[in-house]
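Pasting a structure below so you can have a look.
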Amino acid sequence: MIVVLKQNVPGEKREQLISWIEGNGLRVHVSEGEFQTVLGLIGDTTRIDMDLIESMEIVERVNRITDPFKRCNRKFHPEDTIVTVGDIRIGHGNFCVMAGPCSVESESQITEVAHAVKAAGADLLRGGAFKPRTSPYDFQGLKADGLTLLKAARKATGLPIVSECMGITDLPLFEDVDVIQIGARNMQNFELLKAVGKMRKPILLKRGLANTLKEFLLSAEYIMSEGNEQVILCERGIRTFDDYTRNTLDLAAVSMLRELTHLPIIVDPSHATGIARLVPPMAMAAAAAGADGLIIEVHNDPLHALCDGAQSLKPEEFEALMGRLKKIREIIAA
Amino acid sequence: MIVVLKQNVPGEKREQLISWIEGNGLRVHVSEGEFQTVLGLIGDTTRIDMDLIESMEIVERVNRITDPFKRCNRKFHPEDTIVTVGDIRIGHGNFCVMAGPCSVESESQITEVAHAVKAAGADLLRGGAFKPRTSPYDFQGLKADGLTLLKAARKATGLPIVSECMGITDLPLFEDVDVIQIGARNMQNFELLKAVGKMRKPILLKRGLANTLKEFLLSAEYIMSEGNEQVILCERGIRTFDDYTRNTLDLAAVSMLRELTHLPIIVDPSHATGIARLVPPMAMAAAAAGADGLIIEVHNDPLHALCDGAQSLKPEEFEALMGRLKKIREIIAA
Amino acid sequence: MIVVLKQNVPGEKREQLISWIEGNGLRVHVSEGEFQTVLGLIGDTTRIDMDLIESMEIVERVNRITDPFKRCNRKFHPEDTIVTVGDIRIGHGNFCVMAGPCSVESESQITEVAHAVKAAGADLLRGGAFKPRTSPYDFQGLKADGLTLLKAARKATGLPIVSECMGITDLPLFEDVDVIQIGARNMQNFELLKAVGKMRKPILLKRGLANTLKEFLLSAEYIMSEGNEQVILCERGIRTFDDYTRNTLDLAAVSMLRELTHLPIIVDPSHATGIARLVPPMAMAAAAAGADGLIIEVHNDPLHALCDGAQSLKPEEFEALMGRLKKIREIIAA
Amino acid sequence: MIVVLKQNVPGEKREQLISWIEGNGLRVHVSEGEFQTVLGLIGDTTRIDMDLIESMEIVERVNRITDPFKRCNRKFHPEDTIVTVGDIRIGHGNFCVMAGPCSVESESQITEVAHAVKAAGADLLRGGAFKPRTSPYDFQGLKADGLTLLKAARKATGLPIVSECMGITDLPLFEDVDVIQIGARNMQNFELLKAVGKMRKPILLKRGLANTLKEFLLSAEYIMSEGNEQVILCERGIRTFDDYTRNTLDLAAVSMLRELTHLPIIVDPSHATGIARLVPPMAMAAAAAGADGLIIEVHNDPLHALCDGAQSLKPEEFEALMGRLKKIREIIAA
């Protein structure tokens, strides 16, 4: 940790600060510049409250040099983590596509979509049973019944399932779900992160709308510090001033996360854009950028025959996309 | 709801859409422009999925005209709501100051701060027992013990207490806390919002880092739709590109919320800026903008004698601020 | 244009507004909802100040339905525009790569880089002679001498050149530059846009750091409305809260712009990320998303031997990237 | 400047870097941590390209410790600058209000508004003659005629005038304008900044929509480095995800700038919010936050009788606001 002192700090105050830091078990290197003095703190700086030091009258700035995340940090664990779901492997060159409807609506709907996405080459079936809705008056999902229908579709197709859990109350219902999704709004619901950290199954953690990569990795760290190392990260768009798409897909985050962490990183082009016709180009771009997988909305509902499904692909569109993705993957893997 | 159709839509497809909308129990007004046709939907449009219509091939854009929030909407409840905590009244011209340390650390610390802020004119004592921390390795608060200490300080001073609850597991511990705070990271933790909506005590709801005013009001609506109408809104800064302060305090939101809702609106200048010396000017600005109150960090810890306390005021600074705030309030109330 | 009136507007005020609109040469369709009245304005609504109407006491909201951009609008010009530079064609499936150093430094440097990027398959040579620098104390480029060196490199290699012009004073120096670049900071320098609009050569217009797609297209419209239709749009990252990369590359903008305009759209992965090792994955992603080209920084300076060049690729890295891009293009073009 | 090296850097590469830095005329302090080595660079670090070092293979991070702005920096010039316009003084406790219409429309309009704002206590008359418009098809102002009308209003009332200049072509027309405004879109139009830096009259520099305080100060530095020290800074709202107001007024920037610079700082609540009824509370808040002045839109046009004027106050509203501002100022100045 680097502590930059203000100009013309009285020597006495400086010594007082150095003593206090040393009293916290750290060593201090003093480096005198032409205008300013810089202290280098050596030892276990996690014991020190960075904000506290930054607030001191004689301090101008503090910079932490070592990353606060440990278990997910590539520095301490250089090899890629591979998350396994049955026979499916995710990460370290294993590309995984999760597909299915935004909401589970009926047994025929989910089973039909499951068969369709499996035929097109999807590896997992996604489907929302518990739906996080901005308004309390909007449809909140079929809940437990939705999970039951998802499991029926799994039985019919053999596809493992992934579904979102919104709170610890519902967690017991997810015992038999293959991958538990933590949504963007819950990325810093630390109670929920700790609870799924105590489980021993893969967790799909979505990046929050306004969260930095560091915060994202520290949320993964919450799960991992409870003992569950099977975390899949998912970039799904961030909130910016831009108003044409629902969110702004931050694909450079995929490459940046690849450097910072050994965990697999997938992309959700459906929620990132909110517009079905932008999903194929963004899915292609994510694959070309080196993502470890995708989670894509696909519907097959006669009610939607009239429409595109706000951000969902039709099965035939999904199939066409899968064919092109395969070619992109061949180039990337080469 | 206004549905703008694309140019040159075939008449047949248009009729199909109109029939479908009418089949959902709504009436449709057709308005033909030079280039485009606009449908006006009349009736209970909450029954319709706006995203679904927007996604239809023949639709260019959809605009909802009626607000999705009801119980907190000033249109349907023009008089200001006054939230009461014992003898304290918040809202409709009743200005309320909540003050205290970021974290409860010890009985002497919290009791000393409580006496100090009471002497300076604070109405409630704030103090963190459960601390939401970005990193799992940072201090997470004294938890249940912290609440016990807060209650002791309440007994010693008579000040009602406000403290943050981070999850439903801990909620039983808050039965005897006067005001329950829902933090910014949990603004869309719908499980928690519903749970405090079932309680019958004031809830202090903080705006999320990247949430619009509409989303903020809909989170209040989650609480109110469960029967708890005692909601205090708190603006505490939003996340922007700006990097000098921790967040960007959005004071215009106070005036805008005043128009949209009848709920009281307070401001947290401590978390918004993260810098103690910016707290007094921002507190003054918030009062001048017409806020119904403030929540301010104040510390009194010998360990902090060396420093300013990242974003906390010293008791004497708080007292000086209270004197100036009183004068601002006199101008605003005139 | 749709004008939504507030609730319970007196009939008299409403009639006054309708008369005023009709007095401006428009027709008005009135649509009465259960709670609110909506006016549909028909005719040439560009004559009306939308902000003025929105500000009227009786008005709640105004929505413009027709796009304010005309000449660059795909609705009025469905076929892709192809910009030509000598034999080079950009747009409508013609992929173009512009490459070269951030700054022109010396004849040997720019000529060596020019030969290297040409050998790797670049179509144009880019190089900065006038450099927009945040600080007046930073190196501002070789200016006129830089352009002379660029032209020498063009002569040596046959590659057409693209370089940034920062103000109308310097414009005469660009008469013999093949493509004139307008930088992100000048996207709304309307004096400069109008001046290059009077020229008859291709303009490379970069998106501003915080500009919407609509504003971007209206800046293109400023150029086109002066008679110059040869505009190439360039997405180069937007400013967000995110702090790992210099800007956030908004690749969905490429697909969205494709729908809105017939102009060619290229991507600048070097400035978007500011980190050389993120340039290849983002270049691949841009190609996979369907961009019409790329502008990439490549250096070849012995002084940089020690380093990566903040955001510049080495010639051998650029060559490897070009090989992979070619394969991506084959998939996209199929 | 602090250079943090990556872990396990070979000693040879480290020495190479140190030699290179020393070759640039700087001294290097080496500080060895448990995991990482930190270099402290001492001397005139402006000679070094920070991005270049950051890009070096063996470097993890670079932090500049000394501010890049000099002339506007309070560290080197602790006393407040007072900008004078005739008898008017701005800064160091001298509060200044500039008021007038968004656009100059006619002699009667501007003269009537000028008399009205003078009677209410305004110090300067503002009025737009050259209007920066997003669309080339929108009204661009009366231009030279507008300036003539402004000067007539100055003659009639004695109020000095402030008006925006959009480009160097028009600058000769501003010789006799008392304060020249550089708008937000031109904050980084360096050609224009340098040109007004050569003048010897006060410049009102508005913060760009997405610019940090450091960039803002460096743009002031562009003007000052040409010899013109009479710069007034103006916070006018930044672009964020928030969609209720046109921009987000960043009032904490006023307090932060106060620390960083000795230049006067004013606030534009009209453009920041875009909504007339939010102007008075935000003007009050700005005064309470310690701003040195305000620039406020006021209109007096019979055509606007029907409306509020998107973001303009009526003269009677402005007068009422001035009365309340005076009281706020008395508290702040006490």
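By written order: A, B, C and D. Residues from 1 in each chain.
In the analysis below, contacts are C-beta pairs under 8 Å (C-beta built on N, C-alpha and C of every residue); 3 or more make two chains touch, one makes a residue touch a chain.
Here the structure is a predicted model, which means the values were calculated and not measured.
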item: Candidate from C-D, B-D or A-D with the same interface as B-C, over half of contact pairs in common; value: A-D
item: From chain C, the most remote chain by mean C-alpha position; value: B
item: Approximate Å spacing (C-alpha centroids) for the pair chain A, chain D; value: 38
item: Approximate Å spacing (C-alpha centroids) for the pair chain A, chain C; value: 31
item: Whole-Å gap separating chain A and chain B, where each centre is the average of the chain's CA atoms; value: 26
item: Shared interface positions of chain C, touching two or more other chains; value: 210, 239-241, 243
item: Parts of chain C lying in touch with chain A, wherever the complex brings them together; value: 210, 212-213, 238, 240-245, 248-256, 259, 272-273, 277-278, 281-282, 284-290, 324, 327-328, 331-332
item: Residues of chain D that touch chain A when the two form their complex; value: 2, 4, 7, 29, 31-36, 38, 40, 42-43, 60-61, 63, 65-66, 75, 210, 239-241, 243
item: Chain C - residues contacting chain D, complex; value: 16-17, 20, 46, 49, 51-57, 68-70, 132-137, 139, 166-170, 185-186, 188-192, 194, 208-210, 214-215, 218, 221-222, 225, 239, 274-276, 304, 306-311
